[in-house]
């Protein structure tokens, strides 16, 4: 067993800080890397050490394997935590770490390769007896093959990139006439995004629920699951809101799917924290979708209901420690919901909104957690993910959690950039969401309420008065003849005494 | 049953906001009151409505019963939440509310009177079979009586004000020669502080632990306890750090004391949230100390380990709802610690430090909660309590909680005023505290480590460089002849590109 | 002093009727409000009106007199349209306005630069004086061809609204 | 340009040797540092030195050139002593005795009671004024025997830090 003393975090943003927090709690020194755009990012200021890694585009910085390894060696880091995204599912990087004698906090390069390729992953799961979505056995060789397969499994189908992720290289086909053109389009998109045009075909599940299971495995053969996360509220195939427990789940199905997730992990000798994603239909049939061989963005809701710090477990597993709990020690306590806050304009097709953050008020109090990284005056770089933070709440019941999320969203104020906060608030007031009655088409199906003008009577006249006073205030700063108005003298208008009606 | 729709919060600071948060979660409208010093306090900005209540001194504002009742009626509030301090244990106020048909969120005036008088409370507890500290049966009539009692129970003894609280009107007597003068001093202090010079005498417990039990009782005769809080880390008889579970506690003692607490509450027909404070000695003998008939400052640690929102329960009980859980449904999950952050100088005998808050960084992430009220630019008024906020962390184990508290204290930055943060950090590093080996004399006993200079190698030269650059920056702003140095142009020094070594 | 304020699609007249420290009487589109208004220099407003508590954040735009306002859950685009703004608007609409011989300042400000002297010939549309108000510099142009008869201001002078700056012959 | 900086009890010479944007070469008491320094106008500093990351907050005091600096867990009092400061120091040194006769408040508070009047004789250690701040009362005592020359405050007055309360003869 190898006590880790210093960890390089090969990432930026909220997840870099998330990892560093646990490191500080464990008295582990932290090494940050930063691109040219990130010199003043919070992860640089939070870390014990920080080194420049390259130009702003990630290909020249956060994806620069050579440079990152060089920094790790220079700083004497024992281990590298890759976070999510960037190099977190890059087998070459994991292999380089092994070669250099640096602990890669994640699974083996072999597992990353195997689970990173959707066709290989599907094969492995079928062999382990995990249900998969009906479809091609592997990459399709021709459009003709596609047509034949589709005759077998029936329409609608989904064409997917073998190397894919994040919704890229995906095409839904409802009519036979569209098969050929859709296969071509998916191929070219896949080629552009991943440098690999292999695609495969899957039956398309109507009213699908995206439900995933968190698993954790040590180096001694112990594997447990930490229950499900319901991730069906998505926009453009990107998750927006996650919750646990899933409103769809039954105790029997949880048990069955949890065991399937553990079997899936064991089938590939998985080590570390990972996630098995499933599609579940309205009849509670479930199908293996893919495995993420890293920490997920939405891991905090699992932490909250189980009480397990997943980053701490990742580090302990990487050190060779056995898990200090078994499946029967784990319980879901209460209900947790996560909302992702993006710098984007929900009223304008979720267009990213870069810019300078003017002011932030974080929501606080009982049952509220935020994992973020931006601060007042911070200029959100245009090069990376538009996610500003994650707002996680917990309640004894789902109703309490929803009420608490509404309260937290009320408190959360980020000005200067457009954010998804208002949109998230509308979801928390949506009747279907409140009933737990939703699938991955939630946003399209509830467009009217989610995108519509709010009916709240807003204090428009008070805004007018505020702007007017600010105007008079600035005016009197340039003109001493302005006798009508006495401007504010300090942060808060300082007058000898405060008047009251 | 009476659904409450609007609550007036007869308080200020963090507890006013704490109560309003739960109100927002329950869709209850909130009414703030504010003194002249509090026009820009956060509770005024957080509430739905806000009304001026009087001049800055609390006697003219937050203690002004007539004015508060008037505002409650004007705003149409159904109920008043008194928070802690101010009118929270004022029986006349509770009585006035009842007369005016406003729900007082707390116990009946009769119980407030009975438990507010330490001698009456002690009597009631003895009758209910709860152990009390040996001492006088009631108020002592003369110094001669004091001398006789002391002969009976033995020295050392504590002389206490009957109407007391917060350490006022208390005297420890170790030698017989000091009895007469100490009784006189306690009397005059009690008279000045509470307008009542009645005092009583109790045996003084060496190495005492201050352990309290949270109880909750509805209007239908259901009473439960929510386990203990260990509150022995105190300075000048004021709590500084609280935790639950108590490191001293055993499962048997918890069960026994919990039942005693429930019996104590039932003996006085208690309704609402309340706290039974006990002294526990090293041999695990426990004695009733007093009952607080209100929410405690340290209630969040109980909320965290039980998952119960105590303010929500207070409101539900006040509405006449029965508790929706029984004793056997309650469990302590993990470990919670609270640190109170005061605007004070721990290196200078905890002298209060008023002034303007320059910047705040709140600690965030897994297992961290802050309940505060100050914001950047806020001028802490000189009239009220110097508590800025409460930092509450949770961990699966006590060790994890201590590590997390250290991390959270590292993240917590409040500049512009002196705070107790550094001192709290030293407690989290104190070996006796880490071992759970402490009583109410902890601070005196560990003075050297807690008050001493830190041994951390601090980047003094870097501070010098920072001050130097700020100086050059300001100099170049007033002097255009300053050619040696190119000052910062924006929030972050904006130059065409960022340089890297 | 009344100005117009544009909020979303609405254009409202607003006027300050009375001030007693932080207590203001303001008229918005004819509706009178008594407000207790406190604010910080960087745009945090706490307004109490009829007991209701409003917390508003104003974020200044790059363009002066324009703001983004954040309320409870809403975001508003706000613009102050004062005499200067209307003057500039009209001028832009009509080209150089009527054959006025006097150039006046539509609002209070500070003279940055006077570009002409008495006796100078000027052409229509030529900038004759630059005034700064609220961090913004505005160029004031000759409304017609002519000769400068009198210059009433110099650099760094403070000017009131409707004050004559330059007279042409 | 070299100046002296006082931090706690230490007095250090500091000098800027070279600047290339945010990259500085600075000498502190003869020790050379290459630092990558970024800062905000309101005193947040991020310094990278030899790979180490330092986050420092400088809060300006009321008095110019004085700061309170907040590091990891420490608070430092920092003062820049340049030519001007040294001049003022020398001047004050000559009037040192006079300074001792003034009783000042070290922090903001409210006057509870003034126990002496002008012309009263006082003894060293005698309480002359009581100030209350945040529920705690502090007694301020005469630093030497003497006669009260002037009383600057009365009960219920609010006082600032370093405000002179009473002057002795």
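In order of appearance the chains are A, B, C and D, and numbering begins at 1 in each one.
Quick note on the criterion: contacts are C-beta pairs under 8 Å (C-beta built on N, C-alpha and C of every residue); 3 or more make two chains touch, one makes a residue touch a chain.
The model shown is predicted, which means the values in this text are computed figures rather than measured ones.
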Relative to chain D, which chain has the most distant C-alpha mean position?
A
B-D against B-C, pair bridged by the larger set of C-beta contacts:
B-D
In angstrom, rounded to a whole number, how far apart do the mean CA points of chain B and chain D lie?
32
What whole-number Å value describes the gap between the mean CA coordinates of chain C and chain D?
44
Starting from the mean Cα coordinates of chain B and chain C, work out the distance between those two points in Å.
52
Calculate how many whole Å lie between the centre of chain A and the centre of chain C, each centre taken as the average of the chain's C-alpha atoms.
47
Where chain C touches two or more other chains at once, the residues are 22, 36, 38, 40, 52
Residues within chain A bordering two or more other chains:
39-40, 377, 410, 491-492, 497-498, 500-501
Which of the residues in chain A end up touching chain B in this complex?
17-18, 21-22, 24-27, 36, 39-40, 52, 300, 303-304, 307-309, 312, 333-334, 361-362, 364-372, 375, 377, 379, 396, 400, 403-404, 406-407, 410-411, 491-492, 497-498, 500-501
Touching residues on chain D, where the partner in the complex is chain A
22, 36, 38, 40, 46, 48, 51-53, 55
For the chain D and chain B complex, residues of the former touching the latter
1, 3, 5, 7, 10, 12, 14, 16, 19-24, 26, 28-29, 31, 33-45, 47, 49, 52, 54, 56-59, 65, 67-76, 78, 80, 82, 107-110, 132-136, 138, 158, 161
Residue ranges of chain A touching chain C (in the complex, touch as defined)
358-359, 409-410, 413, 415-416, 418, 421-422, 425, 454, 456, 458-475, 478-482, 484-486, 488, 490-493, 495, 497-501
Write out the stretch or stretches of chain A touching chain D in their complex.
32, 39-40, 44-51, 74-75, 377
